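You will see subunit A twice below: alongside subunit B first, and alongside subunit C after that.
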Partner chain A sequence: MTAHPNFRVDIYQNEFLHEGAHEVNAIVTVSSDGSAVSSTMDASAAAAEVIIVDCSGSMDYPRGKMIAAKQATSVAIDELRDGVAFAVIAGTDQARLVYPQQGGLVRADARTKATAKAAVNNLKAGGGTAIGRWLALANSLFAGHRDAIRHAILLTDGRNEHERPADLAATLAACEGAFVCDCRGVGTDWEVDELRKVATALLGTVDIVADPAGLAEDFRRMTAAAMSKAVADVALRLWTPQGASIKFVKQVAPEVADLTARRVATGGQVGDYPTGSWGTESRDYHVCVEVKPAGVGDVMLAGRVSLVLGDEVLGQGLVKATWTDDMVLSTRINPEVAHYTGQAELADAIQEGLAARKTGDLDTATAKLGRAVALATKSGNTDTAALLAKVVDVDDPVTGTVRLKAKVSDVDAMTLDTRSTKTSRVRKSS
Partner chain B sequence: MAENSVIDGAGPACPDCGTEAVAGDRFCEECGADLLLVAAGMPDDSVARPALACVACGATEIDADGYCTRCGFSQPEVRDRVELDLTVAAGVSDRGLRHHRNEDAMALRVATDPAGEPAHIVVVVCDGVSTSDRPDVASKVAADTAADVLLVAARAGDDLTEATRAAVGAAVAAVTDLDGVDGTGNAPACTYVSTVVTGTEVTVGWVGDSRAYWLADADSTCLTVDDSWAERMVASGQLSAADAFADPRSHALVAWIGADAGLVQPHVRTVRPDGPGALLVCSDGMWNYLWEADELATAALPAAMANPFRVATELTALALDRGGHDNITVVVVPFPHQEHSSPSSTRSSDE
Partner chain C sequence: MPSCPAGHDSISADFCDICGLAMGGVSAAAPSPTPSAVSAENCPECGEARTGRFCEGCSYDFVAGAGRTPAVTAAVAEPVDVSAPVPGPVPILGWAAVVSADRAHYDAVRLQDGPDAADIAFPAYCPERHFELTGQQIRIGRRSRSRGLEPEIDLTGPPADPGVSHLHAVLLSQPDGGWSVMDPGSTNGTTLNDDPDPIKTDIPIPVRDGDRIHVGAWTTITVRGPGSA
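Let's turn to the complex of A and B:
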């Protein structure tokens, strides 16, 4: 007997298209009420957690990193609900199960948590970095827990140096859908793009923890969020009319994640996109469908968006297209679609601007980061605007007139890069 | 009860349950409905669509929301084409060829006197403003609300000029109550035209550019003057009629019914025709294609006197043939009232 949270699906769009138009855009807001489930479910059987700690040699430079990583892992263990199946992996150029030593996952209780923390406390730094091997071990540990809400935390401080990129990619492909993984980079010697690939494939978040002192609180928050999830393996199912093509499906809030390539066809006109685990939360998706234009006055269902668990529909909404010769209707700008189109462009502009800056193409860097400043200002994304201001001097935030700062710390550039996908939500007007 | 109600078929059948009534009865013995009243209008949204093959691709699976599960095409709504034939008045409301839904509405009320003769015929036509929120709901609510107010006032013998103003006020209040539902700041809005036809006179009220025409052999005329930019320019002497109606702004409404309309001051006039003819009450989807009263009279008469439904259907077909760019609503009322089907009835003055 399972009870699932209530899912609410709201669609925001301008359904009116001018004659001959074929692109339909809609923002899909999905809100889930996780509270409906916690009282009725056997919570201890429902979650599995694996913590992966980078123990490569560089974790000792500076010395505080390894100490902070051990403390943070202990805090995360303390945060586990009793009954949650868990394990700790030490990652180097190999993957080693720190706890439980006999393999598999162990149910959290006072004794197992204490034993695990003691084992973590004995961790020593030494060796290389092969993130794919760490994830492969985690994947094998989760294998016996397909019914649980499966979550991993991955901490690293360096590049994936002891493994070919193709091997990591193959492992990620094997792990997709097997568990959700939040990734953290500590210090400034790791690759934002590399870790973002891991987090994106595994439907998790990526962030920088520049100061090791911040690790413990960050691990506590991540574990608490994982413990609050009420349902795993929810998919966004999209029906489209025959002959339509899907231009993209993106999560756009709380951060941008392109799901287009993640489609798994479940029928001739139906495909599922993974969304991972849900607690009490709200996310926005941008769906863009190209349909065959119908005549003026015709109405078409351009998409039916459902949130599904297996084949159970948890909520759904309709994306419509109505052709009109009334310009007043067809030229209306939908504020949600416009906002998130801008937020996705903002993320792209930051990443492209920083990449250009790295390769010395300063004109492109200035143009892209200037565009980013203008977009962040216009949309009220003050967090991102503040991060941008550490990388460029802003002459005019509205037009995006900026100059690249002569000296930018690695921390500021990496923080901006990592958090470029963070979006602000639509400002409600009137 | 049942045996008492069968007397030579002299009484009208109950409009609600169909039970034949005793001549002279005011209420149905079976269901209690008012026997002296027939009301008709636009269907509610809850009226189920017939399940058919998709009109676009022929697939037979239509989902619960009314879309084809193969091509996504929205299937016709019941409201896309509404035909009302009350014998003494008839109307057709059609989605047209270029709009995605029918945002016009009509409401008809016929009150008969105890002898079975039609005493008052109330017609209201409203045209939803397509750029407002839920214009289809606004027009239906306005038409139904105003028609009921006019009917009650007419049966009570109230002054019909005052009653028409009250009906517009009630329609404004009802449409204003719809405001804020969608929260996008475009208050639901519609035009308004009503007629109350007695045995001797016709009281017309309007806001916006839906029209009422008097059609007769000799003195056909448009009874209404549009609340439109063009008419305002002509009335104020700033432009000639030809220049004003050629301007792209010519159709822009300067008055309407809705929360954002400000103080709504309806125009009201009463005419006493001195011969037989017919009233035509219509939305701009009709008169955009045929607007001269004489030409409308040529198209409508004399058939409108005997068969108003046929004429409403023919005029709608004409608007569709010429492009059907807007929703089309046409209501036709012969004057004086046509005889009711009751065999014992004779024509009588209404008062």
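Let's turn to the complex of A and C:
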């Protein structure tokens, strides 16, 4: 294998536990610097990109949507590095290969890009929506490119109406780990939960593009981000002591994503959690482990966190536990842990609040969204606070005293829902 | 192959591969205050560890010694803070906490019908006590010599609230100058104001002037903000 980026693992925790305590919490900050790779980027970091464009009948209403989707796809094609293997899929109740018309992926160069853009330009809207079939086709295209950094963009404007939820779930299970997929919903007729499920399973992001005019820039940014990835299929490996149980492993920045259920056991006390592809970036994870309490004064390793590529360890950090009877030490609150505990609660409060609002349970909606306002304010998550202010009237942001707005546009509610998992980072005190 | 304190063989030399305990002689980096720092003394009458002037087990008077002679003259170290009841409201400059026996809280606890709730009586006499909130954290609980624990807000009494844990809750100073309350895992939980549900453990909740923190069977700690009467 060629040089991989350096991974730096920092652990933030209060390792001191009071006598008998068994829950160990730590924030694991993983930073990768792509510098080791940038010089050899073209040679080593092979990439494969599939763009999936919704061509269902509704893409023609309003008229501008299909035009914007075509433009955005063309912009994304332009953004591909030469040599990247790519394809474009048109999605309806079937999945159809737009470019190349048959076979697998094609290497990007001036000629293939131009041909692809011409094919995209001829796309017509008509038909239904079956997201699982689109992903299945993408999956088969990626099959011959296991060594590349595999990324897909999925654009849709509607619900997954033409296949059963179970079919989509089965396809997602088959695609897990096969490629990373960023999802975008255009307009307001799509289902946030549905697309979030796709993005979560495929370790990508989900966002709303309410105005079709914003699509091109969004596609350009997504493709550029995909092109900047230097290494794929990195896993977070967690060793825990015998008898310990893992309460959860969550990515908490830049977005909240629960990885607990994604564990693949690689040994009796070791499990791997998928993290997808990495460029020059930094992500935070919250690890919570329950251990058997040891005696006062004992030091225990509660978790060994490694970033691995296959069996190659790219970086490692230690989560420790020390039992003490000094209450000053054991009651000290670690600011990182407290912050991200709040951010995860913030995401839950927003999603539960909006769900309650939909079903007409206004008391619960007010309470949950009020709590969300207080959490967003306290943690300095100004982006989320601004989105919340479009859904509720805020009387007191500190206590979270709010009133539900009588009229809320679908765009505002869906934007808040989609972006509820975006977290603010702890301001590192150093 | 090195082996850990628990006797496991481990390939890693820092921590045991099996149980995670630190290998070979790594001891707690933290200075742990040992109970031996304070004179460990047991009650000659009933054997209970001494926590103050009077034995918690049988009210033996350690100062007066022999028997239970009521020591009226004792001007010696009186650990229990029984400052006289404050006549009327006094102006408070910084943050403060006022500890009182709270009939409403007592009634609420009895209503919940816990296993021991019926056996606990509301104290006939319990003067209000004021504590200034200074420093980084203020512990609320009952002192324990054996654990080297002397909470700043010591609810040992008398009268003793049997529902209060040794370390029941902690008030933490906030960067903005305010305070928050955290329950590090007390036996009976901590509630705030009129909310019947205990606060989550280990999560600091900001408190404001007038907030009532309920602990134990009848103890309420009212938070007073700066400048309030």
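FYI, the second predicted complex is superposed on the first by the 422 of 430 C-alpha atoms of A that agree within 3 Å, B and C clash if a C-alpha of one lies under 4 Å from a C-alpha of the other, contacts with A are read in each partner's own complex, and residues count from 1 in each chain.
Please note the rule applied: a residue touches a chain if its C-beta (ideal position, glycine included) is under 8 Å from a C-beta of that chain, and two chains touch if they have at least 3 such contacts.
The structure displayed is predicted, hence computed values, not measured ones.
When both complexes are superposed on subunit A, subunit B and subunit C clash.
Contact with neither subunit B nor subunit C is seen for A:12 once the two complexes are overlaid on the shared chain. Once the two complexes are laid over each other on the shared chain, residue contacts for A:242 go to subunit B and to subunit C alike.
Of the two partners, subunit B and subunit C, it is C that touches more residues of subunit A. After overlaying the two complexes on the shared chain, residue contacts for A:21 are found with subunit C alone; subunit B is out of touch. By the touch criterion stated above, A:338 is placed in contact with subunit C alone, subunit B being left untouched.
Touch criterion met: A:322 reaches subunit B and subunit C at once. In the superposition on chain A, contact is made by A:297 with both subunit B and subunit C. Overlaying the two complexes on chain A leaves one subunit B stretch of 55-63, 199-207 or 343-351 clashing with subunit C, which is 55-63.
On subunit A, the surface touched by subunit B in one complex and the surface touched by subunit C in the other have residues 240-244, 269, 291, 294, 296-302, 318, 322-326, 328-329 in common. On the subunit C side of its complex with subunit A, the touching residues are 5, 14-22, 26-33, 137, 139, 147-149, 167, 170, 172, 182, 184-185, 202-204, 206, 208. Contact residues of subunit A toward subunit C in the complex are 16, 18-19, 21, 23, 240-244, 269, 291, 294, 296-302, 304, 318, 321-331, 333, 338, 341, 378, 399. For subunit A in complex with subunit B, the residues that touch the partner chain are 240-244, 269, 291, 294, 296-302, 318, 320, 322-326, 328-329, 430. By the touch rule above, subunit B contacts subunit A in their complex via residues 56-57, 63, 65, 67-68, 70-74, 95-101, 130-131, 183, 185, 325.
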